[in-house]
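Please see the structure below; I have some questions.
In this document, chain identifiers A, B, C and D correspond to the written order of the chains, with residue numbering beginning at 1 in each.
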Amino acid sequence: MISFESDYNNGAHPKVLQHLIDTNSEQSASYGYDRWSQQAKEKIRLASQLNSNADIFFLTGGTQANATVIDALLPSYAAAIATTTAHINVHESGAIEATGHKVITLPSHQGRMHADELHAYLNAFFNDPTWEHMAVPGLVYVTFPTEMGTIYTAEELEDIHIVCKHYQLPLFIDGARMGYGLMAEGCDITLPWLAAHCEAFYIGGTKVGALCGEAVVFPKGAPRGFFTMVKRHGALLAKSRIAGVQFDALFTDNLYMDISRHAVNMAMRMRKLFANAGLTIKDSPTNQQFVLLNQQQQQALSKHVLFEPWEPVDNVYTLYRFVTSWATTDDDLQVLANAINTL
Amino acid sequence: MISFESDYNNGAHPKVLQHLIDTNSEQSASYGYDRWSQQAKEKIRLASQLNSNADIFFLTGGTQANATVIDALLPSYAAAIATTTAHINVHESGAIEATGHKVITLPSHQGRMHADELHAYLNAFFNDPTWEHMAVPGLVYVTFPTEMGTIYTAEELEDIHIVCKHYQLPLFIDGARMGYGLMAEGCDITLPWLAAHCEAFYIGGTKVGALCGEAVVFPKGAPRGFFTMVKRHGALLAKSRIAGVQFDALFTDNLYMDISRHAVNMAMRMRKLFANAGLTIKDSPTNQQFVLLNQQQQQALSKHVLFEPWEPVDNVYTLYRFVTSWATTDDDLQVLANAINTL
Amino acid sequence: MISFESDYNNGAHPKVLQHLIDTNSEQSASYGYDRWSQQAKEKIRLASQLNSNADIFFLTGGTQANATVIDALLPSYAAAIATTTAHINVHESGAIEATGHKVITLPSHQGRMHADELHAYLNAFFNDPTWEHMAVPGLVYVTFPTEMGTIYTAEELEDIHIVCKHYQLPLFIDGARMGYGLMAEGCDITLPWLAAHCEAFYIGGTKVGALCGEAVVFPKGAPRGFFTMVKRHGALLAKSRIAGVQFDALFTDNLYMDISRHAVNMAMRMRKLFANAGLTIKDSPTNQQFVLLNQQQQQALSKHVLFEPWEPVDNVYTLYRFVTSWATTDDDLQVLANAINTL
Amino acid sequence: MISFESDYNNGAHPKVLQHLIDTNSEQSASYGYDRWSQQAKEKIRLASQLNSNADIFFLTGGTQANATVIDALLPSYAAAIATTTAHINVHESGAIEATGHKVITLPSHQGRMHADELHAYLNAFFNDPTWEHMAVPGLVYVTFPTEMGTIYTAEELEDIHIVCKHYQLPLFIDGARMGYGLMAEGCDITLPWLAAHCEAFYIGGTKVGALCGEAVVFPKGAPRGFFTMVKRHGALLAKSRIAGVQFDALFTDNLYMDISRHAVNMAMRMRKLFANAGLTIKDSPTNQQFVLLNQQQQQALSKHVLFEPWEPVDNVYTLYRFVTSWATTDDDLQVLANAINTL
């Protein structure tokens, strides 16, 4: 059955796979020093208009990237600020706390943090005479796009960054699905812009056409000892080539953005199918779509396609998630359209 | 100037101090094996009607006791559930997270957790198909009395314990100010009742007449390796006698309860002073009183007595805390009364 | 230039790669529930003669597997016992300590732990009246084969396991290069034997023909919450299929053992080349060979092949490592032979 | 029975106790801001000739001070270097590792680290091409006096400090028994000299006349966020006055040094008693004496005085520890002398 369950339910994009095939018989250095990792870094450097201070590392997954970067950026006594719906707060099994750091939560506006709420929180915190008795804010974490499929405007993100700079807090952007945000209709953020407006971010590969791999970027340079931190977190690949080769392919001929645009286009067509059927859909310009279904509707669709429950809403409705990827085809959407027609 | 800032702004209760003086020239074993620690444990055992499985340890402070007990009760992957206003969530500098554990928060009702909200949370959690991807609830933490000075009824606390038992989660009660709760008017909870309705609790000494010291009690026995955990947390006193002697005094001739009752009585008289002056006071039957004051009122009172801001409420009012202790005298209250009369 | 630097300087074994290609276009469940992971587990179960209590998990790398398993097996206050040369003690950037656990070291006999020294240590430890003031031994960690290329006999390993059982300590066997041990000449240990003589082990894929992946096996069942521990360590692959598919291939038609036997055979031929040239080689029946070279010899060989320094020995000699893998060919050995002939 | 078991088997020195009595009825600020803490800091500042950059904090115990300071000085990926016999390596239940940091060990020369071995280790470490794969040395920890009762000369300690500075590693000196070192015959180190030759040290109170308390000194200023680190480690006393008052007494009229000198004198007389009886004593100029006794001798002495086994030496002899303190009297030594005479 066709699955819209996630963007990690497929193999690699054919071009990524092909590059793995083409390079398989070559020998290489390891632990990040293979030639493809070097090439891929150069290509990411170019695509992000990074200067020579910038550092790039390849890790295997999102939770790992989040825990490693946050642990490296924070002194022991400090905490990460995130929204209540942030991946690090909800779906990482306490991986941040496992490194000794609290996650301080601010309200989530469909996944987004508001700069003014961040400012108000920090202002109140540092004016509290007992602030030294609390976990001290040490960085700000946002996701782009968010867990709810929404994106920030450049202005919104810049406002957050301005607050961060005012309080000398690094801004870290989790880009596990970054491409889908950059390619969303109405997005006024580019990779170079992003690199110029934060202290760390990563370009997700696992959910954007690779088998695994996230490219962690520090536009102004990595924190001291970061290589050792990666190793210490069990995040250093011996055969680092597997990340290098894949990102080399993803950043050749704009593949990363093409994959992302394709998935977003498919998601927008999916939205129309839901909307035309009179279903309630959450606002999302990216590859994750969230639809309210009652039990009967859910069961009817489940006969034809696979998808995941997101969260219960009330006694009647539950929110369900439908996700597109590089692999989503016209035929897949037709199957979904037919399924919707049975409602 | 008279200080109502806290219940740790005085020395030891005279009887506690006297016992330290009387025993000072005797030699003793160390690390918990001194004779006064043994005696004090026996007295606490009796006062709490503990059976022979119970274990008691003396630590020096509240944050330390919380971190050590929670770290010992939780497997690595598990989290503590607490209210948003819980001391472990707000005022311990991330000490729980420093041991690798997330603090999951539920709403605070004037400091109290509601059993039905706990139940709803746990029910939803374990019905979420992705629960294994999240920090798994591993214990429930409540404070008695709460940070807001309120107390639980026996029924409310029993309801929480029933939910805990249903989900096989230990219930841990932070009793940094336990005496003030037990001696509060209307309190239907006793030390033996408490010991029978949780898996761990502590009897606070620092804030109830001692120089330092908290008696951690595990009514059904301590988790394996707890002694080593205490040492590992830097919480093992070489001269353990200082805690032993003090608790020996506190649990002789009902001193602990007498100290607590005195402070509560003083606090109730303080409430009347505020109420008679038409000031808004939060509901609290214990030794901490919370009063709304505008800037003018605050400044007027500050000329005569010391007290602490608790939290801003709106543009006009701030909540202030006034605390009594074993050392609060009639004269102190008269000074406060005179100060209030100037408003 | 031909590289003998490591067994992770090549891509995947062609059959492993082919299986990735063949399955790439299929959709799958994620986070360990894909069909190939299930298949691969069944094949490992069969090859190891595991019973139905056994649990298997796929992680991406060795350091990650070590940290996750050790953190899951140990209570907070406990330590892992290992040799001084153990990978977890030397080359994991403190990944075990990062989880809060001490590594207690015993002497290394060419990488091996001696059962009698383990016994003597534990006997002394638990007879020390201050043992509760120390990090308490909580498990025993050995590598098979060891970091020095040596292996244990069944009797040696069983003796260690007997000591472990006497002290109720789980035995955990790091098998990052397990195949090369099992296929070594004179090895009297099999996969089923190993599974019956420890509480946890892993079958390394990264260094034995896969692109990445280690199969962690708990013959008597995983510690509670292990799935969440994997996630918490950033070790849970969203596209778990990449490990599943590779292990599915490795455990089809005995491929894992064939790869291992090939590399061992090549290493034995390499030994002869060194021996015939009068060079001093360390005793190792597996795919890693350690050779003493002076500077002149090192420079001469370096003109023809790549290899790594292991450790300085004296003013004249340094120990160098030469490693074979599935990819080592007759031609590669001929290049090495020619290079040796120039000495 | 007279106990020579430890220097924490007595109450407080009478002058320390008297100051607690004299100040008990005064109100004070808390969490370090009480007047006695401020006074005590000034006196320590003077006694140590600290400049205005220096920071001083009072913690309750040695293990706690070690874990808090080391955790604050090290970045996450770094390790502490210590001797194999160091307190942090042996007798702190893994408290350092609990903060995520490895303890790297160098040989112990009767408790002392040798500067040349430290230098050789660091030189080898940073020349190892794989150093980034290992826990990176981040500070050097020594004890003064050592766990074996020995002391460093100024030259020895300065040599260690020179190596530290060369590698930009802070030097941290555990002074749990500092006074006994400073007052040892032949000691050419003073408090001001010490403060000028390290980045952090503490002046132990618990073992030198106080009920509890260690004064942590950062001569060049505390690491950022140290107050919060203290709280986070459960090491912040609400009634901080108990440490402040005690150190105020200890640093009035040279009491700290007088106590120390007394105990050292008593220990030297004790040495003579052992020596005259032909017993083998370890070299120690401080208040801890280590004596070899066979079982018969141990049993004979045990009828008259209490003392502790230190470590087994061979089949016949065990090393025992005898400790003096402020409380050791002429009469106590006479009892010991009589006991020795029965051998």
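General observations
Quick note on the criterion: a contact is a pair of C-beta atoms (placed from the backbone, for glycine too) under 8 Å apart; a residue touches a chain by one contact, two chains touch by 3 or more.
From a predicted model like this one, the values you see are computed outputs, not experimental measurements.
The pair C-D is the one among B-C, B-D or C-D whose contacts match those of A-B for more than half of the residue pairs. Judged by contacting C-beta pairs, the busier of the interfaces A-C and C-D is A-C.
Averaging C-alpha coordinates per chain and comparing to chain A, the farthest chain turns out to be D.
The mean-CA centres of chain A and chain C are about 33 angstrom from one another, to the nearest whole unit. With each centre defined as the average position of its C-alpha atoms, the distance from chain A to chain D rounds to 50 Å. In this assembly, the C-alpha centroid of chain C lies 42 Å from the C-alpha centroid of chain D. Annotation for chain B: residues 76-77, 92-94, 98-100, 132-136, 228-229, 231-232, 236 touch two or more other chains.
By the touch criterion given at the top, residues 2-3, 5-6, 8-12, 14, 17, 20-21, 23-30, 60-68, 92-95, 98-99, 206-207, 211-212, 228-229, 231-239, 241-242, 327 of chain A touch chain C in their complex. Of all residues in chain C, only 31, 71-72, 75-78, 99-100, 132-136, 224-225, 227-229, 231-232, 236 touch chain B in the complex they form. For chain A in complex with chain B, the residues that touch the partner chain are 76-77, 79, 90-94, 97-103, 124, 129-130, 132-136, 309, 312.
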